[in-house]
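Working notes, structure below.
By letter and in written order, the chains are A, B and C; residue numbering begins at 1 in each of them.
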Amino acid sequence: MSVIEQPIIEAKSLTMRYPGGVTALSDLELSVQPGITGLVGANGAGKSTLIKILLGLITPSSGQVRVLGLDAQEQGPEIRARVGYMPEHDCLPADVSATEFVTHLGRMSGLPPTAAKEQAAEALRHVGLHEERYRQIGTFSTGMKQRVKLAQALVGNPGLLLLDEPTNGLDPSGRDAMLALIRRIGSEFGIAVVVASHLLSEIERICDHLVAIDGGKLLRAASLDSMTQALPWLAIEVDEGSEPLRARLEGAGLTVSLQGRALLVRLDGDPVFDTVRDTIADLDLPLTRLEHRRHHVEELFERRELDEPTEAKL
Amino acid sequence: MTAVEPSAVPAARTAPEPATPAVVSFDHVTHWYGNVVAVNDISLELGPGVTGLLGPNGAGKSTILHLLSGFLSPSRGSVTIGGVAPWRHPAIFDTVGLVPERDSVYAFLTAREFVLASAKLHKLPDPKAAAERALQLVEMIDAADRPIQTYSKGMRQRAKVAAALVHDPKVLLLDEPFNGMDPRQRMHMMDLLRDLGQRGRTILFSSHILEEVERLADTVQVVVAGRLAASGDYRTIRRLMTTRPHVFLLRSTDDRELARVLMASPAVQGVALTKDGLEVRASDHGTFTRKLARSCRDAGIGLREVIPSDESLESVFAYLVGA
Amino acid sequence: MSTPTTSVIHDIGYKPYTGPRLGRGQILRALYVHGLRAVFGFGRGPKAKIVPWFVTLVMVIPAALNVYASSENKPLILDYSLMGVRMMLFTVLLVAVSAPELVTRDLRHHTLPLYFSRPLRRGDYPLAKLLALFTGVLAVTLLPVLITYLGQVASSTSGHMIWLDTRAAFPGLFVSVLQSAVLSVLALLLAASTSRRVIATGLIAIFFLVTLAISQVMANALGTSWKTHQESCVVPALDPNAPNLSGNLFGVGGGVNGPPDFVINQYCQGVNAREYGIDNVTGVKDPNKPGYADITVTYETPVYSAIAKAGGLANPVYVVEGLRIWVFNATDSDLPNPSPLGPLYGAEAALIVLGGSAGLFLRYRKVSVS
């Protein structure tokens, strides 16, 4: 895979004010790198406005956007030829087979007739629709429909996929499969993916980067690793005897606190691990968990509620 | 009450029953639409607190909620709330509030009008005050005078919850309440439900987002193809699946040596060396966890991490559905 | 190089597409072709083919009869210029079924965001659909004109006859093109106002039938009076080769048994003996021209009120028909000649096509993508 120097999406002081006086985006600075990026926090106007601007469908009130190196205001059709978009809502006809539908949309993405057929077959294979692809879409389950929606976004061989709530309406096994698929597209296929999702746990599972937008402004953009960094706390869970364990650990000079069913031990250095191990062994306790506490993406939203003024400066 | 269907584990086992009085009870309830059996011989009891209702699409979750809210009558068996059967018993609406999954058709109303209408429907003595209180509870005062059709999905959801809460019901039923909510709205809704549960309300909500259920619900009811597959605390449910080895991810100062040590134990079925550490499959959860720390110490191995990788609600659910 | 005996595991993983990509124009064309196929029910189930092919078949029937008539050297069963109006209900049936087929499915299933997030511009979608429906309807309505014309040409004996026939076919072409345009635009605009196919079909059918009824009431029933005309002309009194030209006319001067219609039609300008009732013919031998007679024809023509003349404006098919009558000064129609309201008919036809298209484009500007 070639290394792309420029960001996949780059927005500079992007502002969108609607005639009614609603400000959907205000002075948004954004830079999306290759890989899978989660887009969170932009409910309602902000998210759909951003998608429309990225696809070059509406002109922002001010600011610039480049998508795949193309100017969104000048080169909308070129961008749309190279971006696959999977909408949040139902968008599939009931009385057409998946193959026919995806082939037609392949044509609409600019593929010649034969290539559209081949690419549609490939896209459906990659999303895991096999013999059912000749059946009418109306007979599909929610999970299969989501796959068709993904296949139509994939058919034009995009450089960027915009997925809007791709797990919407899926049950747990359907979600698992969809997330695994997105992960594969982002890593094996080498296609940059932007996933808009309200589910932070999902974003933590599949994304490399995260962009959080709030009130039309960038709240945070960072790699997911940096947002889920390990904290210097060790969570210990034992099936029984957590009180004596706590007393012994404190007796050994460790800082211990109780959080839910877990004991949190301050991790000052590697000897702490051995102290914990030996104490548990001495007390003959069943150890069910020994884990680093990590930051969660969710804290991003919790913190803002606590001290709004400082975060608003971001 | 905790019960696991034989389909999930070879023999149904029951954990000790908590002593809370049952508010909601299903007694051998079956419901069918034509030839489709949506709910099949379900018996369960719910007390105060938050209960998650889980199951794959089409497993019968909505039917259960509709049976409880009196929209449907059971084809067989009985459903009672506080000892009263909800079907054709309008008085039940004083104790039950339902938040349906679908958006209301009254999108042209403002949230305040919508909640007020609900308050009047319940013939509350002071509908205005009740509506204000409900709107305050879901933090919708600021936007209460805009038509519902201008709302985001999360706001609509909150307006519906306010309407369902307006008469301060003892039992609150919610069908996919978090759908479409952004993270902050989600957290807020979770806090609200948790708080209501702690104050003695019986709350039953269906959700596909297991991480949320795990964080919010005290107990879960898992429905698979119309049958109640399991109910209770999901960790306890997991322990009841004795035939399924428990999977742990271990990291240590010497994974290879640790693997050798662990393989010697009869409690361990298998060990795999992965790039992230050791994946251990323990057939005997009790013995394995009790021996782990000591084995490490005896072998001089520093234990860095022990993560039970199939103890989450997600894996419990997958086992129940897949079994 | 691999020989047949070499074992290989082929990479069937994801491969980026490196072939050519078509521009907006070609995508538009693909959407147009897709729509045109849909008009005739291709790419859909067998049920979708019933109406378009039934209509096509019905259209061929008068054309086949015409071809038979030409081969027998008889006048046409259905004249070119009247095909559009006479077959109107079938054309309306076609658009009432095809227009919803073209647009309601995408509206109903919210498929439009998938189009608008692709290279096409907003206006391209309605444009392709409009062109597709127009082409489809044009092909169907032009079919009888074309078949009849070919039949006539095949049985022609001279170049002049072919020329005359070409001229006669021209109003048919005129009606076919305009009617297709007007019907397509209106039907598509109506269809795009709802996402339910059945409702769209009903809307279109009701719209055309109700306006048709209004039009007919206005054109026929209201305010028609008769005006008496007298026309003097010189006709050949005697032709030994034409035995029909006998009788007492030339000696005594007339009565209703004057010269036959075609003589009057030929020699008395402005009189259409077949269309108007000839009340009386008087005549004397022309004193200056041996073998000719001076006759005076008395006949009545209907005088239409302004309401009757404006009647055609109520229905789009009649707008086209009125325009034809006015442009070609035709007298073969059920409708009165709209003169002096002719320009109004032209303006309305233009308004329907242009305004309707604009409305359709506006309709699709409002569709949201996300």
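Everything that follows uses one rule, which is that a contact is a pair of C-beta atoms (placed from the backbone, for glycine too) under 8 Å apart; a residue touches a chain by one contact, two chains touch by 3 or more.
Predicted model only: the values in this text are computed from it and were never measured.
**Student:** Which chain maximises the distance between its CA centroid and that of chain B?
**Tutor:** Farthest from chain B by mean C-alpha position: C.
**Student:** Taking each chain's centre as the average of its Cα atoms, which chain lies closest to the overall Cα centroid?
**Tutor:** A
**Student:** Distance from the CA centroid of chain A to that of chain C, rounded to the nearest Å?
**Tutor:** 57
**Student:** Rounded to a whole Å, what is the gap between the Cα centroids of chain B and chain C?
**Tutor:** 66
**Student:** List the centre-to-centre spacing of chain A and chain B in whole Å, with centres computed as mean CA coordinates.
**Tutor:** It comes to 24 Å between the two C-alpha centres.
**Student:** Spell out, as numbers or ranges, the residues of chain B touching 2 or more other chains.
**Tutor:** Where chain B is concerned, no single residue meets two or more other chains.
**Student:** Give the list of chain B residues in touch with chain A in this complex.
**Tutor:** So the residues of chain B in touch with chain A come to 54-57, 152-154, 179-187, 208-211, 286, 289-290, 292-294, 296-297, 302-308, 311, 314, 317-318, 321.
**Student:** For the complex, which residues does chain A have touching chain C?
**Tutor:** 47-48, 51-52, 55, 57, 77-78, 80-81, 83, 85, 87-95, 100, 104-105, 107-113, 115, 119, 122, 126, 152, 156-157, 164, 185, 188-190
**Student:** Looking at the complex, which residues from chain C come into contact with chain A?
**Tutor:** These residues of chain C touch chain A: 13-17, 19-24, 26-27, 30-31, 34, 43-45, 105-106, 109-111, 113-121, 368-370.
**Student:** So in the complex, which bits of chain A are touching chain B?
**Tutor:** Within the complex, chain A touches chain B at residues 40-44, 141-143, 168-176, 198-201, 238-239, 270, 273-274, 276-278, 280-281, 284-292, 298, 301-302, 305.
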